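Below you will find the structure I want to go over with you.
By written order: A, B, C and D. Residues from 1 in each chain.
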Amino acid sequence: MEFLLTPASVLLLFAFFFIGSVGAVFIERLFSDNGKMAGFWGHGFALLGSLLGLAISVSVLFFGQGIAFTLPTVFPNFLLDFRLDGIAAFFFGIISLVSALASIYGFGYQKHFYGKYRLGVFSFFYNAFIASLLLVPIANHALFFLLAWELMSVASYFLVVFENQKEENIKAGFLYFLMTHFGTVFVMIAFFLAYKATGSFLFDDWRAATGTITPLIQGIIFGAALIGFGTKAGIIPLHIWLPEAHPAAPSHVSALMSGVMVKTALFMLFRFFFDFFPGAPMEWGLVIILIGSLSALLGILYALSENDIKRLFAFSTVENVGIILLGLGAGVTFFSIGLESFALFSLAAALYHTLNHAIFKSLLFLGAGSVVEATGTRNMESYGGLIKLLPFTAGFFLVGSLAISAFPPFNGFASEWLTFQSLFIGMTSAEMIIKVVFFIAIGSLVFTSGLAAACFVKTFGATFLARPRTEEAKNAKEVSVFMLLPMGILALLSFLLGINATTVVASLIAIIASIGLIRPVTLQFPFSEFIQARADFAAILPLESIALLLGLVFLLSFGAIWFVTRSRKIVVGPTWDCGTPLGPRGEITSGSFSRSLVTIFRGILRPTRQSTVEYHDEDMRYFIKSQEIRTSMSDPYRKGIYQPIGVVLHFLASQARRIQSGNVNMYILYLFLTLIILLLWATHV
Amino acid sequence: MYRLLRKIALTAKVVVPEKELLLLDTETLGQELSSSIKKLFQGSLSIREVAAGSSNAEEQELTALSNSYYDIERFGIRFVASPRHADMLFVSGPVSRNMTEGLRRTYAATPDPKIVVAIGDGAIDGGVYRDSYGVWNSVSDVIPVDFQIPGDPPSPKVVLASLLKILRETEKSTDVSSENK
Amino acid sequence: MFEHFAQFFFFLDLIAFIAVIGMHLVKSNTNIIRLYFLQSLSVGVLLFSVGLVEGEHSLLWIGVLTLVIKSIVAPIFFARLLRRFSAQQSANNYLSVPLTLFVLLLLVLFSYSNTFLPLGVLAPEALGSISLGLASVFMAIFLLINRRGAFSQMIGILALENAIVLLASFIGLEQPIALEVGIIFDIVIWIVIATAFISMMYRQFKSLDVSRLTHLRED
Amino acid sequence: MNTLLFIFQLLIVPALSPLGIGFIRKVKARMQNRVGASVFQPYRDLWKLFQKDEVISEDASWIFRFSPYLIFAITILIGASIPVIAAVPVALDFLPSFSFLPAGDFLVIIYLFALMTFFLALSGMDTGSAFGGFGSSREMMVAALAEAGLLFSLLAVSVTAESGNVVAMVGNLQYLPLQALFPLLIAFLAFIIALLAENARFPVDNPATHLELTMIHEAMILEHSGKRLALMEWAAANKLLIFILLAVNLFFPWGVSLSYDSFSGLLVSTLLVVGKSAILLFGIAFLESTMAKFRIFRVPDLLLTSFVLGVIALAISITF
């Protein structure tokens, strides 16, 4: 066990990923089985690495103090400084858990690529991606962090464009690349400002130099960090790449991207607001809450109107990021007005939802992956009746939908209940502005959870229930056991994490307190007798007794009714459709299901409808040969924000082109003039 | 609003007394229901009305059943939309060619124990449409029929009386048969 | 080391300076080569004499090397090149002669202006030759801008090379020998590239006029 | 003794809920000048449905077969955890920690009802008939929008009563002075609208209709027959009675006895609860007889007013 706490284990972990990635490329050249061995090699080593990562994080969280070591490098100001403290170990654990399960899923999913794409290349970038994901929480030096951040973006870019035969993947990859680097610019601004203010790139020095930062610089750093990491997390105005990029990647990679990569951005936000520069003024907390409520509500609305199953989950990631930001924002606000223990509690709620979302979102993405694998298309309109053809996937998918719609016995409910409680506390605070903002947050959270339930009824119903609507859905077959095993584990986890919510919250409060600035004191919660968070123990709603009661009552009523009606027969007949043999076209599809809600929120969603009518005889216009109605959602962000920016940039670029006259002498003249100007400037300054 | 309420409160409750219905001598053709089914549907019965090519005359009479004069609901009988919820099928009209499939599907969709009542002369033996090319002449040619209520169309009182007679007659006869046994 | 021979070195510097001015004015390519010969000769002699005065054997070798390559091999090479393409005459400027002279005047005034006083502190006794060297550097650059013919631009770059070496030697920056050899080696490479470039251009455009290159720019 | 009370608490709501439905139908019949079925007719209907066989569609999956049981179990669980006659949570003698108190938290109740609607909608969609699909789509739309009004009204009550648990709320509210309960009136309005929406009552959906265009709740149970239909009807009745009891005990908490021992207290509280519920049921029936059903796209405005009323009630109850 002690070995796991030494730096050697961390280096061994990254060695696994290195072997996995580089080895796969060679393996692919050696074996000519169109990538099968390379795939197994890559996913195998990724699995090994992630399991080791899981072991390290568990040992750090529960036994050890944490790992911190430094590797010198050639460059003077650039140290590979590793630091795995409590909070980093928590995220390290989530990342390695989800990547371990995704790698198992990868064993089954890779036959999707035989012959079509090169699996050696895939394994290379897959291992690089997971390694960089694991590097991010562990990096303790600004430049080292930027290196890991950039490696993560680049590796995930190549995974997004991996299936390059589809045109939209390439476009999605380009947009993703553009937006992440837009975000990285702001991240760099924040880092370099911090470097300028504290004089060093080491995060430890930043922690030490809390007092010396002027509020203005701190404000700019927070702003830049919020925009930079917000782009990666996918908050609303900066989210347009997320629903393009996540679905384009192979399913187990999009599970990793949605479930875990988004969390690294939130991890860094947590670090910035609580670890490096604690004591942010209250306004930042309120800004985060407003962004959170906006992202939550709009995220689920866009998810509701989506017909592509993976884009729907990408939008729902935007929603859940919003919910996590609510918890984080509440924490910042409470911390600034002095209620440290309530801040601790709402941060525990945010981290708990991060853990839960990582689990049920990757479960849903893996489920979507197996549905796409079985039917070959991502369009929900062509699914239907898959529960009879893919029974296990449907079962796990149902557990995932129940968890994400926050229903009681599952983990989604536990973290949403905690977020609600922390928002209720904020509501009763003295300041009027805090009250108003928390009202907005509660309103948006309650609408979001209602719409989330509607969205996931639509998703599950349109995909799995009723009759298959197309040929592909008819001859879908159940996926391999490699793909079902991780989904089963995730479903079980999301149930277990829901059940013993008390122990999870207690350990989360301990983790957050380990940063050393918030000591948990006895909390007096105005709203629920059930929350007692004392120094070492936090008891929240005993979800296990609710689950037990529900189970008991279910069995009791089932037994009684079975006993009473045991002699009755069950006849299986065709569905009753007023006597007319209505085919599968009569049943409801995802588009028509969400039509009513889309019409209600048409102010926000702005649905567009074009109907083209073709007549037999143009000028007579009486007998219609065919009519086609195309409904879709207009994308206000692309039209409203990104299009104008694009036009302006294009204009500036075309002006700049004129300087390139093609005449060599002209270029030498520019050189000469700049030389003269520099000389003048050098001598006079 | 107040005037409406006062009108409701003041108007007299006029409804066909049950005794009068039971005394009405209607000859309902069809053999007795078993006592267990009768006891089952004694308290509550849901009827699904199928117009199999009927001239809509029977439907007018049946709608009259749920007004305040006949008020079929006080006997626990109500009309339902889906054959899944129904216990009794009221089939009216000689079954036309294109309603055959519909009628068979409705019959299959109704859970047991179920009763089929052919209502109106059209349903019993084709009535005025007998032997025309488009009809089957009678409901019994398509699905097994338990009871028939003759009349073109039978008045609501006759329908109500026959319904009660279907559900309750054995009491009298059982009292009779139990007495003479 | 400059006190006794200041006059002699200033004289050499002056020759190089006049050579560069001549390059602007002369019409035919062959004359440009001759002027280049003159300039490299003065640079070579300067280096040789500095070597003698300082007793630096390495400088002596450098001087001999520059003399051999720059003033003998290069001109012959270029002359043969010109004969092959029979482009002796085609050297004309963008600006008319008076305008060129006016710009040259400006450049000389600029290099003599007090913006470069701080440079004087490096070698107080040779202030005049430093600003003269600086002027010749500026004029060599202007030569590149002004000349239309590709060939004269080649020579312009080599002249710039010489002017820089001259200026450096005056400021006392007799760089470590490696740099000197590097520069000479650079020139050799440059000559090879120039010939390749000229022949390609000639084969493509049938003339050495640079303005033909503009349509290479993709829109 | 506690075990007996525990079982009593478990069975009280399912036992009385058909009576509530029967009472509403009786009042509606009376309003239409009809004699109408007896108040105990729903019991007979349920009994008959339990005796009948079932016809299940071949496209139905295990969700169609098991969700009626789960829906019924949820209503029983919530029924056992809300204050009916006495506002004191009862636990089994031999297992004290095993009480219904945790299920009484108002957030848990809201989300349990949402879980019930989730499975109701899924079972509606499962058989692939057009009615079921549209019924589920409209049901989810109404449920999604009604949840906001529901949560804010219950939140206003919980803020005034300073407790999250429904049972404890009733206890605390009794000691509050009268003017502290003023915001609860506004919250009551919001709650009533949410009640009508969640239970598919009149302005949102007509429970007796079979018109494909308008029915929401009816459309989802078109495919159910026999015991599954009985369970669905019974669960809907339970849900209505739970909402009625919540409305009565939370917003007019006077008279609810705080312990099971004093027999006279229990009697008084029973009478009061039955009286208040009767008034509320009469109100619903009266509403259904004198009002036209809203067009489906006017329902969101109604639900939005319930949300706004809830927000106003909460704002008032917080500031004072």
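Keep this in mind: a residue touches a chain if its C-beta (ideal position, glycine included) is under 8 Å from a C-beta of that chain, and two chains touch if they have at least 3 such contacts.
Note that this is a predicted model, so its numbers are computed, not measured.
Relative to the centroid of all protein Cα atoms, the closest per-chain Cα centroid is that of A.
Between the chain pairs A-D and A-C, more C-beta pairs are in contact across A-D. Per-chain Cα centroids separate subunit A from subunit D by 36 Å. Averaged Cα coordinates give subunit A a centre that lies 64 Å from the centre of subunit C.
With centres set at the average Cα position, the gap from subunit A to subunit B is 61 Å. Averaging Cα coordinates per chain places subunit B and subunit C 119 Å apart.
Among the residues of subunit B, those in touch with two or more other chains are 82, 84, 108-109, 111-112. Residue positions of subunit C with contacts to 2 or more other chains are absent. Each of the following residues of subunit D touches two or more other chains: 51-55, 222-223, 226.
Chains touching one another form the pairs A-B, A-C, A-D, B-D.
Of all the residues in subunit C, the ones that touch subunit A in their complex are 94, 110, 115-116, 118, 138, 141-142, 144-148, 153, 210-211, 213-217. Residues of subunit D touching subunit A in their complex: 10, 50-63, 69-70, 72-74, 76-77, 80, 97-98, 100, 102-103, 105, 107-108, 111-112, 114-115, 117-118, 121-122, 125-130, 132-134, 136-138, 140-141, 143-148, 151-152, 155, 158-159, 162-165, 168, 222-223, 226-227, 231, 296-297, 300, 307, 311, 314-315, 318. Put simply, subunit A touches subunit D in their complex at residues 384-385, 387-388, 394, 398, 402, 405-408, 413, 417, 420, 424, 427-428, 435, 439, 442-443, 446-447, 449-451, 453-454, 456-458, 460-462, 464-467, 526-530, 541-543, 545-546, 548-550, 553-554, 556-558, 561, 564-565, 568-577, 582, 584, 586-588, 592-597, 599-600. Across the interface of their complex, subunit A is touched by residues 82-84, 101-103, 105-106, 108-109, 111-112 of subunit B. Across the complex, subunit D meets subunit B through its residues 29-38, 41, 44-45, 47-48, 51-55, 210, 218, 222-226, 229, 290.
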